[in-house]
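Next come two complexes, and both contain subunit A; in the first it sits with subunit B, in the second with subunit C.
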Partner chain A sequence: MTPMDSFPKSNSVDIMLLLEGTFPYVSGGVSNWVNQIILAFPEYRFGAVFIGSTRGDYGEVKYDIPQNLVHLECHYLHDELAMPAIRPMAGNNSAFETVRRIHEWFLHPDPTTIDDALKTPDFYLDSNSGASFEQFLYSKKSWEMICDLYQERCSDPSFVDYFWTVRNMHTPIWLLAAIAKQLIPARMYHSVSTGYAGFLGALLHHNNGRPLLLSEHGIYTKERRIDIFSSDWIQDNRNALQKDPTEVSYYRDLWIRFFESIGRFCYGAAANIVSLYEEAREREINDGALRERTMVVPNGINISRFATLRRQRPDSPPQVLTLLGRVVPIKDIKTFIRALRLVANHLPEVQGWIIGPENENPEYAEECRALAESLHIASNVRFMGFRDPIEILPDTGVMVLSSVSEGLPLAILEAFAAGIPVVATDVGACRQLILGHGQEDEAIGAAGGVVSINNPHDLAKEALQLLENPPLWKRASQAAITRVERFYTEQQMFANYRQLYQRGIE
Partner chain B sequence: MAGIGFELRKLLKRDTFSSLLQTYGYAGIISSGPWVLSIFAVLLIGFISLPVVIPPVLVSQFQTSITYLIAISLIYTGLFQLAFTRYCADRIFEKEHFRLLPNLNGLLLLVTTIGGLISFPLTIVLFPETSLVYRLLFATTFVTVSCVWMVAILLSGLKDYKAILYNFAIGYGTALFLAFFLRTWKLEGLLLAFLTGQFVLLKGMLFVVFRNYPSRTFLEFDFLRERRVHYSLMITGFFYNLAIWTDKFVFWFHPYTGSKVIGPLNASEIYDFPIFLAYLSILPGMAVFLVRMETDFVEYYDRFYDSVREGGSLTTIQLMKNEMVHMAREGIYDIIKIQSIATIIIFLFGPAILSMAGISLTYVPLLNIDVVSAGLQVVLLGLINIYFYLDRRGRALFLTALFATLNFILSLVSVKLGPYFYGYGFAGSLCITIMCGMFLLDRDLETLEYKTFMLQ
Partner chain C sequence: MIRVVLLLVGVLCENAALKTLFSQQPVWTRLFLFFAFHLVAAVFLAFLLRLSLPRQADTKKWGTLALFFSFAFFIPIFGCLGMLAALIYFRFFLQFDARPEFFSVPMTPFMQESGGPAAGMGEGGAWSRLRSESLPRPMRLKALLAVGSSSGRNASRLLQFATSDNDDEIRLLAFNLTDQRGKVINKGISESLTSLQEAENSDKRLKHYRKLAFSYWELVFNDLAQQDLAEFYLSSALSYAVQALDIDGNDPNLLILLGRLHLRKGNIEEAEQAINSAMNKGAHRDRVVPYLAELAFLRRDFVTMKSYFEQNPLLRHKPGIGPVAQFWMG
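Right after this comes the complex of A and B.
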């Protein structure tokens, strides 16, 4: 099963990381975090399972493989899918009854009564006691079940789309079961998302009883990852059939509900469920996690790396607004540009720097340039591509985040550490970071401003206040430094995980 | 070119009794015209030769030779008939019409080469007491007739039944015309007339293909490529043609019923005449088959697969399938009904027809059972055709193999049982095969959606 590669291989590890579409192939917040965690615990032998869609979607490895990552295997759900030879069959009656029961349960899930079936890899691999891949694909029972669920639940008329959506979304499960069955032993499992990786974690936990730790950095169903696995298929259907785009929404919904459902397996199996901030934790509980298993461990950064930048900072705010992030719609760069137009009405010299790669969505990047052009602020806006924040931060007056969705952005922590106030949209942990959470935290004061999403007017107002009012700017800068040093240091995060790992490995 | 289904539907749309008659009449002519023409032409050639060709045994030698030529060329090309039909249907579906001509040429080259390599040495060896000219004509005609089947297959795949009919008329007309002059050369003269007629027929049909489906390449063997050639269809075609001739061969070569006519060729005086007469009775059945399959069945077949492909609801899909099943059932019922009427007519007027033609009434019982068999053969054709539409090639192969085997065994048994049972072997084998086919079709259609979605 394991493809031949040059990655390290071992017979057993202490902690097996389960990674979906992140480290070591994709650079980004979560991947950096994984790298940081591995490097922070040289005393543990790490292993990692990378789950991707297809090999071609990923380029070269983006990280140096750490010394203590002694086992790394990669699985590509689309590539490794081997369709068994087609043959008609009846299907295992009791297994499909169980599957039906589970699907009933998905409609009214109750975290305390999670069904024991479907939790072990054997259910998917043993055709006598469970439902094998072959049975899922070709059996009469499976067909009857798909038809019944379609009649009962599907609000979209197209049966062929329903059929293939159901087939495509479930197919990786059998591959994951096979991966779980042959994976080398580990003393604990650590999944960095729900989704397929989280489901693999649940299978592994139930297969050999070792504890599972889940760290959620974002909301799986809301993030790009769902697109990685589904957009091709959804789009294929659409193009082929020339559909009204609104019709797809049901299938998108189906995907989301599917990932929510397999997410429950992960929540059910995980001994500890870690989120980055309070709101995320509440959402997890709402989605089926038991409250007593949840906890918040915010991301932390290496303060000293940025602290040195504070000395380079002038006394009055540089007239520069910086947005750190990929140029993609989810970051809503256009709102930033519109806000910049409003700021420029008062401060014609103001600069807007956009730091981040544009190659992911060149069309969107082009639209952003055109927008700046049409608002006559092209000379104020600079698209600077990918840069090390260290180079940019000293000359930044205020950091801006106009995203429509975020988790706990490291960019804000880094800006704070360098003493830069931040104006951000009220998404993810941004409010908690800028205004504080809980009495002690809130007492530190505001480290910038929080505005609603897609609101250039408020964004401009907050940014302008900070740029035009040096004392306010100074106070915000101080609050930023105090907050990040008190709550968001690497050391605090490592201490939390050290405890979690120690508990798990024993 | 508008498909035949389109033309028939246009006729039917007028929705009057006369348009209905017109539709079935038209369908009857284009579906049965070619072989009715050929049977009559060969009979007529015999008829006009009787006063000139002496001794008269030469005429029956000619007719037996033609029968064998048609039988063995059909069985031989049976290997390619269905496979090539499928190949052409796929190319037409993919709008690759330009592939038709070069691959037809490739097929003709293959059929000619293999046919020639087999037939020339064999005729030289197997007909020791005939003239060399006869032997050369026999082998040449075999190759030519084989090619005629192949081009006719392509044209019927293109639904250009009219072109086939015209060319058969011209080809057999030529044969008849030439026979009138060449009959003085006796057996060889008649055979030469027939060969020339076949040659004209072949060239005429080829002309239609060359004109309507031009191509940049002249010769291709794309139809033999992996994944484009369906071996099961080759065997099915072979078995089907073998099956419909098996009972005849049994009767020709069994010592009780067969007698030597020329070289190794036997005939069965008692068996042959009624069966060929009976085949004329399937004309209405063939017409119904064509109309029902090409209009009603195909319409719901298309709607079923459209609703599958283009996002119909499960209810729509099931509804269309039920309609399709309904149409298949109606089609088969209608064939049975119309053939029953034909059978009753022959039962009633058969003796009168025979005595009018001056033929012994001892043929009556055999003619009766043969009419039933001929009708059943149309029903089987309908069943197999439905299986081809559903792309269940394994089923078609099973049914034709079963038919061939049963026909051989039961015909042999019927010969042993005596003259009263002649013809019952053929009828019995068809009956059993059809029962099996219906039973399987029922089961297959029951689970059609499951198979369409899950097993493809």
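Right after this comes the complex of A and C.
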């Protein structure tokens, strides 16, 4: 029996969670949050749809399946869709006219005015009334449309690349439509990101009329943008005469616009859009979310679980800097390693613990190891894989987050609850967490330091100050405890979500 | 007016030349007068023709004058008439056919979309755009991408500067572009360190020490590290360069690198020793003179410094040191 066969199945659920690349296969902040939410509402029967890239990208399930998660199904965007047999066909004229219109809409999008025909899964599945997958792949209409759009818009000379980019980019949409069509009924849908999961949520909402709640931890389109900028697989075939170095290559731009477009589709369908802090909310509004549907609900944690660790703290800080996060570029582990080199110049025995899975981007993990060697601190850096923070925090002197993008990191809240000061980059809600937000919060004092991204010098300086100055470390520790207990408890977060769920279900 | 005078004088002289040819005077006198009048007529008509040429055709003044004079003088009467007729025809009656097939081919859609001229903002333009946070994001992104497409330490500094931007998009793109730069060098360093551990003899060790010295220097030279981290890279480069030279002290390129590393660290004596040693071991003078000049400058020995530039006048035209040489050489 494969693990997937052993997942619980049900005929209906109260809340269907739509998860892309997170719970239950990937450990990390968002997955922990999902687990926390499911456990917090035993009165509701949850279902979950996990959307991944390919099965091989994910190992074993990382969480015990909660009792009230009564339905779980997993789908893989690049594995699952069987290619239909090739046969010539004309294609549905009116459906492709609709697709043309939507491509015009992409140029001047408005989430409230999207073409109704595209909102339901039937459009993608019924070859008589819509454009089926087979038609997308093999019909003359589809070919003509791709050719026309290439001529009108593509600034890259390679038609072959354009053709395959369009195919690869759009293929998951038909899979998501099929998932939406066969998914068991739910009283409401809750997506934890835009992207493919959000698109699925929008299709489900339009198909079944049940409300969609969207909680964004990071901003999906922004994070995709980072991935796309850093990816090597996207081609740029323009020669020196065609290339304008001040412009992003066409295919990168196309991929970015694709994710922005499906993001807007999701914003248009969501009844409530939750962000973790005010700046993220503003960003969502800029990206197409309607202001009146947005709200801020900060993360919160189970304080008591970590409060017991405070007793184990020594009087002076342990010489250990811990980074809790996946080993991926967005966490900028390299800056942490560089900073550790500078700290080691003063404290040669200092240790840098990197707690997080490496399987998501093994190439990057290898680069990080290479960097540690080139800086002659391979013996100071320990890549420890995924661990429960409870095991790590008592031996940690300072928690470090060197990310280039964050939401409101649970790792910081957990460190705070255990009385560990944090030095983090000035991204997401990190400044708000460490220095406070508003008069009452700021009066508590600094619970660590905030530095600009990609700045090992300042990161090392802040960490050193805390490691070498026990009274300062203790003050920061106390501020951390006070802040997390006052503003970031899970009870506060659950109260907000209880209201949202009640409203959605009723 | 001048053209009328030239034409009248030319025609009258040619006419006079013809008349004298058929006059009753002795043969030699007739011939002499004929050639004299014909010569004057040819000169005047040649000037007239040259003045009548369209401006864009008037590129070789004396060449065209000589050509017209030759026609007018060596083909009496008909040469001048033919030239005048040709000029009138070309000037007033010849119509150049337009060839629309060459420029009426429509541009392909993607060329129309991206056919605008590149921004050409220059380094200063990129700085000012990135500094002005009030500018629209697309304009600043363009500046950043332009910087990202160029190499060198100034570009690295600009990218580093942009990683502190308040705009998420700018900051993340700048970070990404910066990260790409150091990646290859760090990978090379790591490989060399591994190979160094496995190296069995001094020849192999020399190869890896050498590569490590240059790789660490590359990180510093391109400004891919700042402050203490740059200092660490510099010390590492120096340490590997010294170890490589312990095995083979005759490598002029490595000696130059050693000199540059000492220069960067402010060790003037050691730098000079290394640079002179490089020259003695066969380094080309053009390569070491800029460093000798820099050393002289640091010692405030401006006379010696100037003499280096004067001995090597070609330095004026070399990138990098060129403007410095021009400044000191006047």
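Everything below uses one rule, namely that the second predicted complex is superposed on the first by the 403 of 506 C-alpha atoms of A that agree within 3 Å, B and C clash if a C-alpha of one lies under 4 Å from a C-alpha of the other, contacts with A are read in each partner's own complex, and residues count from 1 in each chain.
Assume a contact is a pair of C-beta atoms (placed from the backbone, for glycine too) under 8 Å apart; a residue touches a chain by one contact, two chains touch by 3 or more.
For clarity, every value in this text was computed on a predicted model and none was experimentally measured.
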Original post:
Of the partners subunit B and subunit C, which touch A:453 in the superposed model: first, second, both, neither?
Top reply: second
Subject >> Touching partner for A:83 - first (subunit B), second (subunit C), both, neither >> reply: neither
**OP:** Could you look at A:384 and tell me whether it touches subunit B, subunit C, both or neither (first, second, both, neither)?
**Re:** neither
**OP:** Identify which of subunit B and subunit C touches the larger number of residues of subunit A.
**Re:** C
**OP:** Based on the superposed arrangement, let me know which partner A:283 touches: subunit B (first), subunit C (second), both, or neither?
**Re:** second
Original post:
Which holds for A:342: it touches subunit B only (first), subunit C only (second), both, or neither?
Top reply: second
**OP:** Have a look at where A:151 lands relative to subunit B and subunit C in the superposition and call it first, second, both or neither.
**Re:** both
**OP:** Could you pull out which residues of subunit A sit against subunit B in one structure and against subunit C in the other?
**Re:** 151, 157
**OP:** Provide the residue numbers of subunit B that touch subunit A in the complex, in ascending order.
**Re:** 308-314, 316-317, 447, 449-451, 453-456
Original post:
In the complex of these two chains, what residues of subunit A are touching subunit C?
Top reply: 151-157, 222, 225-226, 229-230, 242, 244-248, 283, 329, 332, 334, 338, 341-342, 345, 367, 369-371, 373-376, 404-405, 427, 452-457, 460
**OP:** Mind listing the subunit C positions that touch subunit A in their complex?
**Re:** 108-111, 113-114, 116, 118-119, 121, 141-143, 145-146, 148-150, 160, 163-164, 168-169, 171-173, 175-176, 178-180, 183, 186-187, 189-191, 193-194, 225-229, 232, 236
Original post:
Of all residues in subunit A, which touch subunit B in the complex?
Top reply: 86-88, 137-140, 142-143, 147, 150-151, 157-161, 163, 241, 243
